[in-house]
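Going in written order, the chains are labelled A, B and C, and every chain counts its residues from 1.
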Amino acid sequence: MQRAVFLKSLRQGVERRLPLIVVSPLFALSLFFVYGFIAWTAYISLTKSGVMPVYTFDGLAQYERLWATPRWYVALKNLFIFSSLFIGISMAIGILLAILLDQRIRIEGMIRTIYLYPMALSFIVTGTVWKWILNPGLGIERLMRQAGFENFTFDWLVNSDFAIYTVVIAAVWQSSGYAMALFLAGLRSVDDEILKAAAIDGAGPWLVYSGIVLPMLRPVFLSTVIILAHLAIKSFDLVVALTGGGPGYATDMPATFMYAFAFQRSELGVAAASAVMMLMTVSAIIVPYLYSELRGTRK
Amino acid sequence: MFHSKYVLPLVAMAGLTLGTPARAEGTVEVLHWWTSGGEAKAVGELKKSFEATGGTWIDSPIAGGGGDAAMTALRARVVAGNPPTAVQLKGPGIQEWAQQGALNDVQAVAEAEGWDAVLPPALAGIMKYEGQYVAAPVNIHRVDWIWANPEALAKAGVEAMPTTWEEFNAAADKLQAAGIVPLAHGGQPWQDATVFEDVVLGVGGAEFFRKALVELDQDALTSDTMVAAFDQLRKMRGYVDPNFSGRDWNLATAMVMRGEAGFQIMGDWAKGEFLAAGKVPGKDFLCAPTPGNGFVLNSDSFTFFKVEGDENLTGQKVLASLIMSPDFQKTFNLAKGSIPARTDVPLDDFDDCAKRSHADLVKAIESDALVPSMAHEMAVPRSVRGEFLDLVTEFFNSDMSSQDAVEKLAAAVKRAM
Amino acid sequence: MRRRRTSGIVRPSGPGAVMLRGLLFAVLALFCLYYLVPLFVMVATSLKSLEEIRAGSFLSLPREITFDAWGKAWNAACVGVRCDGLEPYVWNSVLMTVPAVAISTILGALNGYALTKWRFPGADIIFALILFGAFIPFQVILLPMARTLGQLGLAGSVPGLILVHTVYGLAFTTLFFRNFFIGVSDGILQAAKVDGAGFFGIFFGIVLPMSLPAIVVTVIWQFTQIWNDFLFGVAFTVGDSNPVTVALNNVVNTSTGVKEYNVDMAAAIIAGLPTLLVYVVAGAYFVRGLSAGAVKG
């Protein structure tokens, strides 16, 4: 009798804590593989690590080195230019296409797939094609000149000052369809009644979208910005496949900078320092987002 | 092409000369980035020879970026504790890895076969760590070559290969006037640096090259000679076609082959591409050293990493012995365009460019004009080399003045030391 | 999917409406062009012979269609000294992707379910900490991960790669499922709880069957990410067990003096075909799944 009661209470106890028991190991994995590794990286940034990690403390020397390297500033500037243009343009195209596609288009399914497919392909795959299209001797420039526009020039890919914009063109191509899908999904989940009421009140389409629908999509905006920002910060394949960081290092980004220093130059310490700077940037974006996200679900 | 002719003697050789009896079941995993024409063919020769001894060859090719991707993989594998048996790794890089205790030595094989007697002392030094061989060289590459298309030169009225940079400039102007791209070049940092170091050799001579690019002497780096070298590099920028950015070196070589371009400045691996396309030296293409009467040395080698188990250790020894065998050195270098690292291999089957390379090498050793290549990781640590590449490539792709370049370079080198 | 009647900038009738409708299609078609040109170039080039590629513009249609390049890319292109094409590597990728997608999706579903429907103290903080993992640049964790895999004895193996992808996919899968479950009303679950159904009983009996939209979104996302990964593949696999992206890189960067652009392009399409197929087949469910909750804040 005693035993049965005990077992029953044990079972109930386990049952009650089951959610925590299920989540804990996964959470532990996360702690180790994300935060453990971040801590490791942060420590390496304070050592003299070169070819391989060493663990003797060396102070902030690597950070001084990092901030004295001109290439790091180029990488930061590029990240800024690239992220703002990439996120801005992708969002604009995404919203536009989502609204247009929401007008009861009969072949919507096909068009949607066409807009979305670039997300499916890796830049290892599409980088070569973009290189051709943007290369002045092979692509658009040659095409236009053959068509009779002798003075047409489109040499951004090989021009140090403009090469970063070609990276934006290719990145927008890849991700704007995804932004479109997110917004389209958002539009579809807006309650019909609200729109009906607005239409009855005589609000024009412009007013309906800018005044009622888009403000309601605030959470979608947030999700989209986060997903695009994460793609921008991680952008690596794209730069490597399209420009290789060139001409010179004109299209270097923090991710490629870090990779180059860690694996090509055997300067793990500097690479780790740049990684820490990157992670701090990421936190600056993510932490406020998480804060608002969680506050939003509590209410 | 070389199949049965060379494999049979190699089998016999491997059995005879190896100190320990060659066990047939050795296994090697080889990490390399030789995936292009002449190079892929050359490494294919090594694989064939190794398999002919009954061993198992696991191929780990990782293409791209002159081995950058491969180095990433190498680091991950060493950290994880399962390094490849042998890695295409060279120069000061060998010492860096050896200091981490990541290498196995093959001293037993080297002693049994007397490597010391057949390798140039300068090269042998690079292969050793604390007096023990940890790597085996497969070849000697010369970096300071100019390749040319004779038809293109004739069309533009250029009669002889240039022997000074002034002559080069004059010839390039003629080519440009004839509507031919004077200099086939790929805008990748290491290619920019290759041209740069050849220019430094021509402008300043071997002694200056050594001071500036090997010993990293601040006075030499900021000297007027260095400014003059950058001036010449700026001139060369004008001889390159507009689409050079990011182009692979072998595509630049193809431009010379097709006569679209007159010259290319590139190491003698470019010859491997010419030969793979069936071109004949002296007839379809010309070779001449860049100005300066020196010899910029580059050498590929396989470095032996710390593997365990009889199977792998046996494979490692067999491979070391195979790489240094005269027959292999001959077949490999015939395919790759370089000359054997062993000085005692007869060069009868080699082309005129290779013979010239060997003669100049001997001469350069005598006159102390043999310098290790900065661009090809023979001279300085990768961190310093990286700073050189950043600066040179930025100079090449901007309108930076030579004076600025010299100052920035000196500062960057100081930072990296 | 719900369909609205009243929305839209376009009025249903009148000459102005026809004009607007025309403009609408023109804009949509223009964007179709932007998205399709690279794919067109790839397909057209892969069907041309090398002579034609060299002679003509890369935008022209192939004069003579040949599938030689496809055959070569599939089983004869050289990857280093081996010339077996992409075929063996495609199977490597399948072996790695399928388990990694399945495991990370199931774990993400469990996580999302436990974090939203069985709220316990600290659930939000745990979620926030897990989510941050989605934003860690992968280059940062390459070396510590290599070390960990080595100590687990998983270095250079497919299970090791599956572990890596599962761990770093977890943040996104948890996010997708959590956002989906938040929109699911608690009523049914409360009823089930009253009836005595337990944690797993409710999960398998009620929650999983109704979360098809979220599963579709998650599987598409994970499949794309894992199949297309290059960095982990190059660092954590050895030669013969390389995924297809690494092999593709070797094919494309292998140039035998003459670059075989048609083979390169065919190889690129082969490597991208599985993900393309997933998007085409499951694309309709994708937007539906997103609107069912995965994008809501």
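FYI, a residue touches a chain if its C-beta (ideal position, glycine included) is under 8 Å from a C-beta of that chain, and two chains touch if they have at least 3 such contacts.
Keep in mind the model is a prediction, meaning the values are calculated, not measured.
Graph distance from subunit A to subunit C, where chains that touch are one step apart, equals 1. A centroid comparison over C-alpha atoms places B as the chain most distant from subunit C.
Each chain gets one centre point, the mean of its Cα atoms, and the points for subunit A and subunit C are 15 Å apart. Per-chain CA centroids place subunit B at a distance of 40 Å from subunit C.
Touching of two or more other chains is recorded for residues 72, 75, 79 of subunit B. Under the contact definition stated at the top, the residues of subunit C that touch 2 or more other chains are 142-143, 145, 249, 252.
In subunit A, 53, 138, 259, 262 are the positions where the chain touches two or more neighbouring chains simultaneously. Chain contact summary for the complex, subunit B toward subunit A: residues 65, 68, 71-72, 75, 78-79, 96-97, 99-100, 102, 187-189, 241-246, 381-383, 385-386, 390, 393-394, 396-398, 408, 415.
The touching residues of subunit C, counted against subunit B in their complex, run 78-82, 142-143, 145-147, 149-151, 155-156, 234-236, 238-240, 246, 249-250, 252-259. The touching residues of subunit A, when paired with subunit B in their complex, are 50-53, 65, 68-71, 131, 135-138, 155, 157-158, 160, 243-244, 246-250, 259-267. By the touch criterion stated above, subunit B contacts subunit C in their complex at residues 29, 32, 34-37, 40, 43-44, 47, 58-64, 69, 72-73, 75-77, 79-82, 84, 248, 250-251, 253-254, 257, 273, 276-277. Note for the complex: subunit C touches subunit A at residues 1-10, 24, 27-28, 31-32, 34-39, 41-42, 57-59, 107, 110-111, 114-115, 118, 120, 123-124, 126-145, 148, 167-168, 170-171, 179, 182, 198-200, 224, 227-231, 245, 248-249, 252, 264-265, 268-269, 271-272, 275-276, 278-280, 283-284, 286-292, 294-297.
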